[in-house]
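Structures for review follow.
The same chain A turns up in both complexes below, where it pairs with chain B and then with chain C.
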Partner chain A sequence: MDRDHHASQDVRRGRWHRGGRRLALALALALAACGDTGQARVALEVVGRGASLSTITSLDGWEVTLSEAEVAVGPIYLCASAAASADLCPSSVAEFADAAVIDALDPGAQALGEGEALSGETVRSLMLDYGIPWLTTQSRPQPTPAAPGGHSARLVGRAVQGDQAIDFIAEVDVVAVIRGTAALEGIAISATTISEGDHTLEVVVDPLRWIQIVDYDALAAMPPPPPGEPLVIAEGSTAYNALALAMTGAPPQIILHE
Partner chain B sequence: MSRPRTRARSLPRSWSVGLVWALSVIAGAPSSALASASASAPAADASEEAEAITPPAVIRKVDAVYPAGAVIEADVIVELLVTVGEDGRVRAIEVDRSGGADFDAAAIAAVGAWELAPARRGDTPIAAKIRVPFTFTPPAVAAGEDAGAGEGGGDVAAGEGAAPPASDAEGSTPPEPGAGAEAEDEDEAVLEVEVRGRRPQPPRSASDLQIDGEVLRAAPRRDAGDLMSSAPGVYISRPEGEAVAHEIILRGFDAAHGQDIELTVGALPLNQISHIHGQGYADLGIVIPEVVRSMRVREGVYDPRQGDFAVAGSVDFDLGVTQRGLTLRSAGGSFATFRQLVLWAPKGQDEGTFAAATVRRTSGFGVGRGGISGAAIGQLVLRARDRTRVTLHAAAYGARAGLAGVLRRDDVDAGIVGFYDAYDDPSARSQSASATRGQVMVDVDRRGEADDRSRLAIWTAYSDFRSRENFTGYLQRSMVMPEWVGRGDLIEQSNADIGAGFLASHRTKSWRPAKWFAAALELGTQARLHRIGQAQNLLQAPQNETWDNRVDATIRASDIGVYGDLELRLGRRVTLRGGGRADVLHYDIDDRLGNFIAPYQVASHIVGYRRAALGVAGGPRASLEFRPLEWLRTFAAYGQGYRSPQARQLEEGENAPFTKVHSVEGGLRITPAWRREALTISAAGFGTFLDNDLAFDPEEGRLEKIGPSQRSGLSAHVLLRPLPWLVAAASVTYVRAVLSAPPPATAENPSPAFVAGQRLPYVPPVVVRGDVGVDRQVTTLAGQPLALRAGAGYSYLAPRPLPYGAFAAPVHQLDLSAGVAWSYVELGVDVHNALNRKIAATEYAFVSDWGTRPIPSRLPARHFAAAPPLAAMGTLTLHF
Partner chain C sequence: MNKWTCTFGLVSLALAPIACGDGAGTGSVQVFVEAEDTIPEGLSPGGDEGIADGWTVTYDRFLVVTGNFRASRSDAPDEALEAPEIHVIDMLNLPAGGLVIAEFDGVAATRWDRVGYDIPNADASALQAEGLSDADYAMMVAGGYSLYVEGRLTKADGESCLRGDPMECATATELHFAWGLQAGTSFDLCAPESGDAGFAVPTGATAQVKPTIHGDHWFFTNVTQGAEITERRAQWIADCDLDRDGEVTLDELGMVSAAEVFPASIYNISGALIPVTTARDYLEAQARTLGDFQGEGECPERRIL
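What follows is the complex of A and B.
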């Protein structure tokens, strides 16, 4: 009887120990889990979209149609400051720390990769590169593998006015002026507070807005390229600079939504 | 021949327990013959034998503690007859003269915890009975509560570990064996030794603890900072190497290098004002752990004596050496670590008198962690017949060490860099730090005929600090030459501080207009003045070329404080203590890079910004102690403390803002009557409210404001001495530390994320600590006692919340030690991090770019600095 009594005590003690351990573990986890710092990292799906049209009338009346348009975007840093810059955004609140190429003639959603964001923070501005960042440790801007042909954008098209036609190709680089900064800084977006759920960062590029401002009359006046070959808009040319300026002045539209 | 108590009466009264004991060797015979030897040995024989008898010697003494709550106007004398066996163990204790149950119990508890070497006839150990009289002098309760080197407590005057003991603290010559026999037993050979006892300072709250040496020495300690691990709610680490101060977590505060915790050695403050590496920076390297006799930990701010940086609380190191004699210690072990110690504590002198020096060098675990450090510290305690005690203190310290720096957790997880490695990068491999400090103090303490007390302490200290640390990799841009970027964020900080200060206080005699009422007032003033030169630059490795200037300033800072502390005793059960404190803080700043002109600006002025600011920090402190039962004390306390500002953040004419803290606590302390001093349980609930908290900013390598915060929680501490040779202590602290309001808006983030109840970063919600120590004489070998020692210390930290939603890994740290002592020799081994867990000494979340990914992330990432892995040290100690 004594043995039974002790056995029953042992069983109870064993249960208590197991229960005690579970309770202690639960308590420890609960205490640890109490640590709500008010923020969490949330996933950011980054998608790209191109223009829904491929033809536009330029400012000087040419009908311009793009047959190819590849644009590299990234990295993209979204900031809480009113005007994102290397100085005013030492720490971003959402980002796409990568680069990817967008088929700028495809209006459908194109998966570009994954980013991250911090919940509870408010995004007010962003800075980005067209696939060629200039990191603090680099002596000159270096294209990412995503950059088409090592350039920010590759645009191939035809401009037509009356019986004149110009087949052209432009490989444009848009890079930061100062080492350690982004090519495009201080781009304001509508203030958006990041919630706990996953988010989508939509990057919409419209190359037609860029090619719209090119002076095609001036291109037509240039010596024609060899037959069968397109006119190459060379770096440093007026048309090239116009495209680079357009890519800076008309940046991609960035939309952050759940 | 006089009785010891006769001599005791001739000694000056002390505020603390005036403990005088005498060893009366009653018999030099084997234990079996003990009784008869003491009763019937002829006088002539006894006299002859006394010449050959060596009385028992104290190896380890535990002070008697004045019974809590006892208020007796006159001295209370208790005499014990203690039988010491052939093995040195206390075999029996009899009360020969009672002073009342509480006092008898206190005396028995103290003697029961002593360890003694047996009496000897020639080389043969013999049993002996000794008479130990205790004189309990009524304590001056409030006086000298900031005990330390200069305090009156804790001074064993003579005889520790020595046989025969030498002269007493009064400077009298050691009595000859055979002299001073008791009046009623002329046959006794009496050897008289004076011991001044110590009484723990009356606690202001349940979290006001004195941690004695036996607990501090239970687990292995690398340095004095490690001693603080035994305090409830404390976790201490040294993530920035051996030449940078510890980082301390205390009861919900990430006190960094000392910003929230006041650290003192008696009247000498260790925290440094406006240190460039962190407000309140306190390098404990100057304190050699072997000379720390006890530590008083006050968690909360309830005592008017607590000054600057007492936000989470205060820790005071009480210096003294109980084991007298010459100690030589040499240790060596893992990572080519060697440490040598010379400690001289002259026998027959005050415990506070000693000199010690140590040198430590290590190759360090992992990459770039080698270092060398050395420290020397000495004290001389002089006593005068008119109850004046003068303590002269001097210490110096120097260290230089390499730093591995912090690593990104994701880089370690990806296998890019090892847990104990450093980035293979010239800037990362150029991190280092060096520090020196020297300090001198004179502390004059005079006690009056009653419980009045006057004190004047004067100190001066010099320190120099230089660090080169890279937390963020390659993000910084030069302000001087903005086109310079990406040269490595190797931040060089330097801080040279020379300061001086004093403490003066006077406590009145107790005023007792009625039997049930007593009052005493203490008024005091503290002042410190500093001249601080500091600079911060960016360096380019490996040549350490300067590529940016961030700070170049000279600061003159002063803090002049006055306090009043009133103690009211209402009957035997209620004591109200409290008063107020006010500090005038003045700063004169010569900011030579202020009003900086960027290269792209048109120069319109000359660079520089000189300014002055002044402010007053004041507030009440009060505690109520109610003792409803003999074994139960309850406390309620409230106080306001402050932390001085970082001077360079002040504007001209600004009313020198300071961080103000409101601290409140309720708690209890249980000391069971059945085994007084064998068990003490303390428990408290607390709350702390700050109007402006700080957090570490890795980008600048310093602390920045994060707004108001509050902490609330529970803590419990248990001290157990079930056997004379066994001590155990354990504590659990739970804290909920939250931001009370959104962090300050900045241009970078006009509306920082905030939710109600947002956790403060870096603060572990749960801290657990356990210490256990065994120190026992097990046998005798070749006529010499053989003692074994073992100890363990365990710390647990629950996962710490980090900024931006991350959590640090929990910490389990177990340290073990063991040793065997025989004759003059002790062999020991210390094992740190015995579980060999990969522990992060500290963790942060911030942005960095170490070039480990093609495109850097600008989101804050987890970074950590590794704590040492499993390390073993063998120790050889010679004690003479």
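What follows is the complex of A and C.
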């Protein structure tokens, strides 16, 4: 654990380079391959799952049904430290360095790609991006190719209350607010020790938790869109803030198992 | 001798036998509670660690419940330092040298790498620390508070704005707040800002260990886990003065949706210990992060008590 408390001065000045984390893992894996450390590189199959339902009642009493929900996840860094952050986790013990999109209305297993992990390490926390990382080498967050339409999430649905109906679309970007950090940090997971067999990393996304807190009464009070077109939940609006904050406050469930 | 001094003295004696270690020499440990400068000095606008949106913050009362200090060693799990007492403390009226809440003698001279303490909700078993008034002690216990803060926000051209279309703003150059919170939280795996986790006891000398209470976390724009890589902003509090009477109450904070006052382009709530749907939730979530260590060090394992 001690090494997780060794934040470099670079980190404290906000100049931490997430490329460095990947390099650290690669170096550790290379050493492991020499047989010196007793650790081995194990493959990490990354699988996504969506919600089993598509309808929920919002906090203000609307019945909301999603017809489309695409959510980009990754990169994902799993850490030995009790809380994952740029300085507490300078080197991950498992990672999915890529990003992929999950059909968040499909509860079936969706292959997202492969990651890698170090056997013998215990994972306690993680940090992740929703497909738009912001590395210290970048002047602004950059969408990965997996990000749907260049966004973290694309949600399309209908909210109904009585004889009122709102068709809506939201394209939400959730990015780190500070360069060199992840969009989501400090996400605790059940402590899991990585054994020598291959592992699966499940990423379960439930967009109903996010759309539940939108103020649909306020949306209904907005000027209606042209006939046949959905209401666009625009960046900067309260509804957009609600979705983006919910995506940081109610992160995907991450499960690591053999 | 006041109540708390007497109590920890007894604890000290009781713990000495279990603290004696591996025969490699011993030393002492003195545990102080320390206030971050932001508590007595407040926060000013601007600068790297000032308020980014121009507000000045002054605290008039800052009461906190702290205690249940513990330390152990990864290399000798059976050895432990424990001081289970809980203290209600006036952080604006600390003794000049800091408030000692525990002392241990005959402690193995080595690194104690697993350190923690609590900021629990007060109850009648809590001790009244030196410098705390009887009235404040009674208020904390009656309210079951872990924290009580009272203070002012000032800004010469300040405004309080109600979200809407259009946004309605009114002049607000000074706002008062007085908040008692039941936000009991434990803090573990404490580490200084640099160096190894916990603290080292030198042979024949005394290690000074300082659980440090910070006073600026509700102004953060994210829930920091390690180094405080963040901005500090106070406008959200001003915007929650719904009745425009200059007093921002907990009830008002509870009536304001987080989405109304925390723009997603600026704020991030990942890592919060509680769900954040209102401004009051945000205040409480940040109140559950105030426990730091040796000044700017952190205690990254936090649990709700």
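The criterion applied here is as follows: the second predicted complex is superposed on the first by the 222 of 258 C-alpha atoms of A that agree within 3 Å, B and C clash if a C-alpha of one lies under 4 Å from a C-alpha of the other, contacts with A are read in each partner's own complex, and residues count from 1 in each chain.
Note that in this section contacts are C-beta pairs under 8 Å (C-beta built on N, C-alpha and C of every residue); 3 or more make two chains touch, one makes a residue touch a chain.
This one's a predicted model, so the numbers in the text were calculated from it and none came from an experiment.
By the touch criterion stated above, A:V174 is placed in contact with chain C alone, chain B being left untouched.
By the document's definition of touching, of the two partners only chain B reaches A:E95; chain C does not. Judged by the touch definition given at the top, the superposed model places A:G236 against chain C, while chain B stays out of reach. Looking at the shared chain after the overlay, A:L184 reaches chain C, while chain B stays out of its contact range. Of the two partner chains, chain C is the only one that A:I213 touches; chain B does not reach it. When the shared chain is aligned, chain B comes close enough to touch A:Y77, but chain C does not.
In the overlay built on the shared chain, the residue A:P225 is in contact with neither chain B nor chain C.
Residue contacts after overlaying the shared chain place A:A244 against chain C, while chain B stays out of touching range. Residue contacts after overlaying the shared chain place A:G150 against neither chain B nor chain C.
Comparing the two interfaces of chain A, the one with chain B and the one with chain C have residues 81-82, 86-88, 178 in common.
Interface residues of chain B, counted against chain A in their complex, comprise 474-475, 477, 482-483, 485-486, 699, 734, 736, 739, 747-755, 757-759, 761, 765-766, 798-807, 810, 846-847, 849, 851, 853-860. Residues 1-2, 5-7, 11-12, 14, 81-88, 174, 176-178, 181, 183-187, 213, 215, 235-236, 238-242, 244-245, 248-251 of chain A touch chain C in their complex. Chain A meets chain B in the complex at residues 28, 31-32, 34-41, 74-75, 77, 79-82, 86-95, 97-99, 116, 118-122, 124, 133, 135-138, 144, 178-180. Chain C makes touch with chain A in their complex at residues 74, 113, 163, 188-189, 191, 193-197, 221-227, 229-231, 257-260, 262-272, 275-277, 298, 300-302.
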